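Labels A, B and C are assigned to the chains in the order they are written; within every chain, residues are numbered from 1.
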Amino acid sequence: MGFRLGELVERLGGQLEGDPNIEVIGIAPLSDAGASHISFLSNSKFRAQAGQSLAAALIVSANDDATVAESYKGARIVVKNPYVYFARAAQLFEAQTAVIKPAGVHPTAFVDPSAQIDASAHIGPKVTVDAGAVIGAGVIIDAGCYIGLEAQIGEGTHFFANVTFQAKCVIGKRGIIHSGAVIGTDGFGFANEGGVYVRIPQTGRVVIGDDVDIGANTTVDRGALADTIIEDGVKLDNQIQIGHNCVIGAHTAMAGCVGVAGSAKIGKYCTFGGAAMVLGHLTIADNVHISSGSLVSRSIHEPGQYTGFYPLAKNSDWEKSAVIVRNLETMRDKIRSLEKTIKTITKHEES
Amino acid sequence: MGFRLGELVERLGGQLEGDPNIEVIGIAPLSDAGASHISFLSNSKFRAQAGQSLAAALIVSANDDATVAESYKGARIVVKNPYVYFARAAQLFEAQTAVIKPAGVHPTAFVDPSAQIDASAHIGPKVTVDAGAVIGAGVIIDAGCYIGLEAQIGEGTHFFANVTFQAKCVIGKRGIIHSGAVIGTDGFGFANEGGVYVRIPQTGRVVIGDDVDIGANTTVDRGALADTIIEDGVKLDNQIQIGHNCVIGAHTAMAGCVGVAGSAKIGKYCTFGGAAMVLGHLTIADNVHISSGSLVSRSIHEPGQYTGFYPLAKNSDWEKSAVIVRNLETMRDKIRSLEKTIKTITKHEES
Amino acid sequence: MGFRLGELVERLGGQLEGDPNIEVIGIAPLSDAGASHISFLSNSKFRAQAGQSLAAALIVSANDDATVAESYKGARIVVKNPYVYFARAAQLFEAQTAVIKPAGVHPTAFVDPSAQIDASAHIGPKVTVDAGAVIGAGVIIDAGCYIGLEAQIGEGTHFFANVTFQAKCVIGKRGIIHSGAVIGTDGFGFANEGGVYVRIPQTGRVVIGDDVDIGANTTVDRGALADTIIEDGVKLDNQIQIGHNCVIGAHTAMAGCVGVAGSAKIGKYCTFGGAAMVLGHLTIADNVHISSGSLVSRSIHEPGQYTGFYPLAKNSDWEKSAVIVRNLETMRDKIRSLEKTIKTITKHEES
């Protein structure tokens, strides 16, 4: 097990400075790496630490290489983006040690006879696959998942244990859905008749692109009439809620506990910090970044970083500031009154 | 498939202006409806669009009908509340195309011999029904659900895949519980003994009324000694947390990610925006509306709309306002000092 | 069923004032307790109510005993901490009525032949136990749980239905994990390459100590390279998210909907109110208490109570204060300008 440096460079690129036959068995941070590891320098401020690393090899940028090479005597792989290279190398090591899930349907799974399951797919214990579902090549469905009626799962996608993927929903290739996630549940749609809610059937789907990751216990509602759309490369962390008819633009990432209300249209390359919330029917432009804990209550048309949370303080200090916030109008009125008085005084003086 | 307009009016009421034999196969929004659809006008500002609609028929209010009829030449169903009528009509179309789940227990389900399951109920694959549970007529329990000891599920209620419904909990008729929801888990109750928590058994139940919808991955805790109560017609969206011993009044609706801490008593006909939070032991009157992202930290005795979230801004602007919020006391003191100085000046001038 | 007072005192300690042969069948609050119950007085302000209680026996503190005894004529158990004593007594009553889950593996469960399951453990219906997992004595795994590859579950721990416990994760003794919780899912780690995210394999574990409770639908991510750590006695409520590489110190408690971003290190004996959020890579000292709905955006090195949420108001009042908050800089500038003007006036007057 492990890789020769020559193999790594062959697969992932980069300029190797050192012996291609050196073998490394894993990847480790600078502080922990030993003689059988490869490590990486992704932040120039750790150059000195990299110079002292015990790792057999280092992934470095061209920018850092000369300085590091002064003190570091192991092999170096010089690359454009060491952090990305680390991620890719770690994927190679992971693949090497991963337990291979056998192709085929586990005897304790239940698959409706009308479902189409590629021969190379793995359907784990206690899984249910409903009528008409289509499961592509190399798909892995772990224990206890439910795949709904006529759902479609693209090549190489992996559902961890206990995912629920409802009827007619679609996910593309190389996706990952983590345990407890629920995709395609009904959107929250009701007509109000004298205070009593009448359910509006939710007949759209959830359509998810390629290379999308969805975190544990995250929920994505199906559309009301049209579909809810998650575009390519979107990354959703755990415990996120996406309402019906939302569109999440390609390569947007959301941290844990984010909520997006129905019909919000979110651009590409956005980021949302943990527990950020977006109200319904808003439009967010591309390249917008929302800080953690911020409520987005209006559309955002300009890229940039946006924030809105109450600053934390010792409780006693917060109590004082909160009282004033509650009475800011009084404060504003006092200032106006002061301005007026002073104007009078000044005029009086001038006269 | 589809309905003749005459059938729709027979079932749902409304005054038909047009040929009762016109057949429509589905319902669509004004913008998408074609010659085989029925559409609806629920907002007068879209009257002009309705006038141009290609739909075979329109659901309109008496108020809008005359104006629409000037340009729209299809059939019209004139009703009191077009949006409610749309919801009901959509339910009819949904029922027509729904896959009928067969009565009976799927061979891969496990049902304790002491459980009582109505012959018309559907128990899906991989379901577990524990001892003494009682499942009513027409109930649908989808794949992977767990129904606890002596739990009771009323007539016509539907649990989507992978719901957990714990021991002794009760739900009434025509309810819907979405995937991943957990009802009747222990409340968060501990006695603190010198810093160490001692668990307090949670021996109450969750008792849910009729016509209640509960969203995906929502959790409702069982009561500590008494019960947690969800009254008739309550609608809970996804990812909501209801603490032990709460009472949620009839026909109250909560959007996604709301949290209600233990022993809060919430009135009837309230609404809670997404991610609103209610502290424990509070009382909220009927007809209270809480805006998204607002923390309710005190009881509310008057109906109305309540709000409390920090307004979003460009991060650089927020940083400036946040610094001032942190130091509002200083600002208040400066104003007081100014007032004092001016008073002195004014007195001096007057003397 | 039930206990004689003599038995209770024998098991739990306390000074019994009254007949040890009196039998009580359950525990109830002061207001509900009848002649077959024991009740408790944990807050001196209810002394008068305790004096009138119909309970057969009362748990009281030494401090309250004399006053209560003046009017209350039932038996009393005088203890140091009545609320803790109540919790322990309630546990005894609970154990007496609990349905005993039989040792052994349910015939509908799937256990990999290489898993080691103690003969006294209960593995419920539809459970999957993956290869190499180790399940200790007296463990209870309820229906539908998934236990991952080489996971380890300590003596006496109880997983409620539909828990997911991923590969190589570890939990100690006497733990409780509630339904829908997901432990050991991948952390949210990506390297960004020109806007596109490259997944970083998450190869650490989640390591949970003894006496830890984890609530329904709570998620705990596995570490990236190192482990995520939950120390002894930690209590997590429902719908909580703990990011990768966090450390949660012993006997810390978090209420529902809390979120902790990756690599945060939280001290011992802390408490977090509902929906509090902690940003990544922060350090929180021991004995820190965070109020509900507060975002922790910087490390906290001093014990104490910290708060940061926008105070709730009638929506119309909030709108006024929010506008001013958005423009606090203007207000500050006006005050500065006033100060300047007044200084000039004062100087002028003095001259």
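The definition used in the following text is that a residue touches a chain if its C-beta (ideal position, glycine included) is under 8 Å from a C-beta of that chain, and two chains touch if they have at least 3 such contacts.
Worth saying up front: this structure is predicted, and the values here are computed from it rather than measured.
Chemist: Would you mind working out whether chain A and chain C touch using mostly the same residue numbers, over half shared, or mostly different ones?
Modeler: Chain A and chain C contact each other through largely non-matching residue numbers.
Chemist: Once the Cα atoms of chain B and chain C are superposed, what angle does the rotation have, between 0 and 180 degrees and to the nearest 5?
Modeler: That pair's rotation angle lands at 120 degrees.
Chemist: Need the CA-centroid distance for the pair chain A / chain C, whole Å please.
Modeler: 26
Chemist: Could you tell me which residues belong to chain C and also touch two or more other chains?
Modeler: In chain C, the residues touching two or more other chains are 126, 144, 162, 180, 217, 239, 257, 275, 309-311, 313, 325, 331, 335, 338, 342, 345.
Chemist: Using the touch definition from the top, list the residues of chain A that touch chain B in their complex.
Modeler: Per the stated touch rule, the residues are 108, 110, 126, 128, 130-131, 144, 146, 148-149, 162, 164, 166, 180, 182, 185-186, 188, 190-193, 195-201, 203, 217, 219, 221, 225, 239, 241, 243, 257, 259, 261, 275, 277, 279, 291, 294-298, 304-311, 313, 317, 320-321, 324-325, 331, 334-335, 338, 341-342, 345, 348.
Chemist: Touching residues of chain B toward chain A in the complex: what are they?
Modeler: 28-29, 32, 81, 83-84, 86-88, 90-91, 93-94, 99, 106, 108, 124-126, 142-144, 160-162, 176, 178-180, 213, 215-217, 233, 235, 237-239, 251, 253, 255-257, 269, 273-275, 292-293, 309-316, 318-319, 322, 325-326, 328-329, 331-332, 335, 338-339, 342, 345-346, 349
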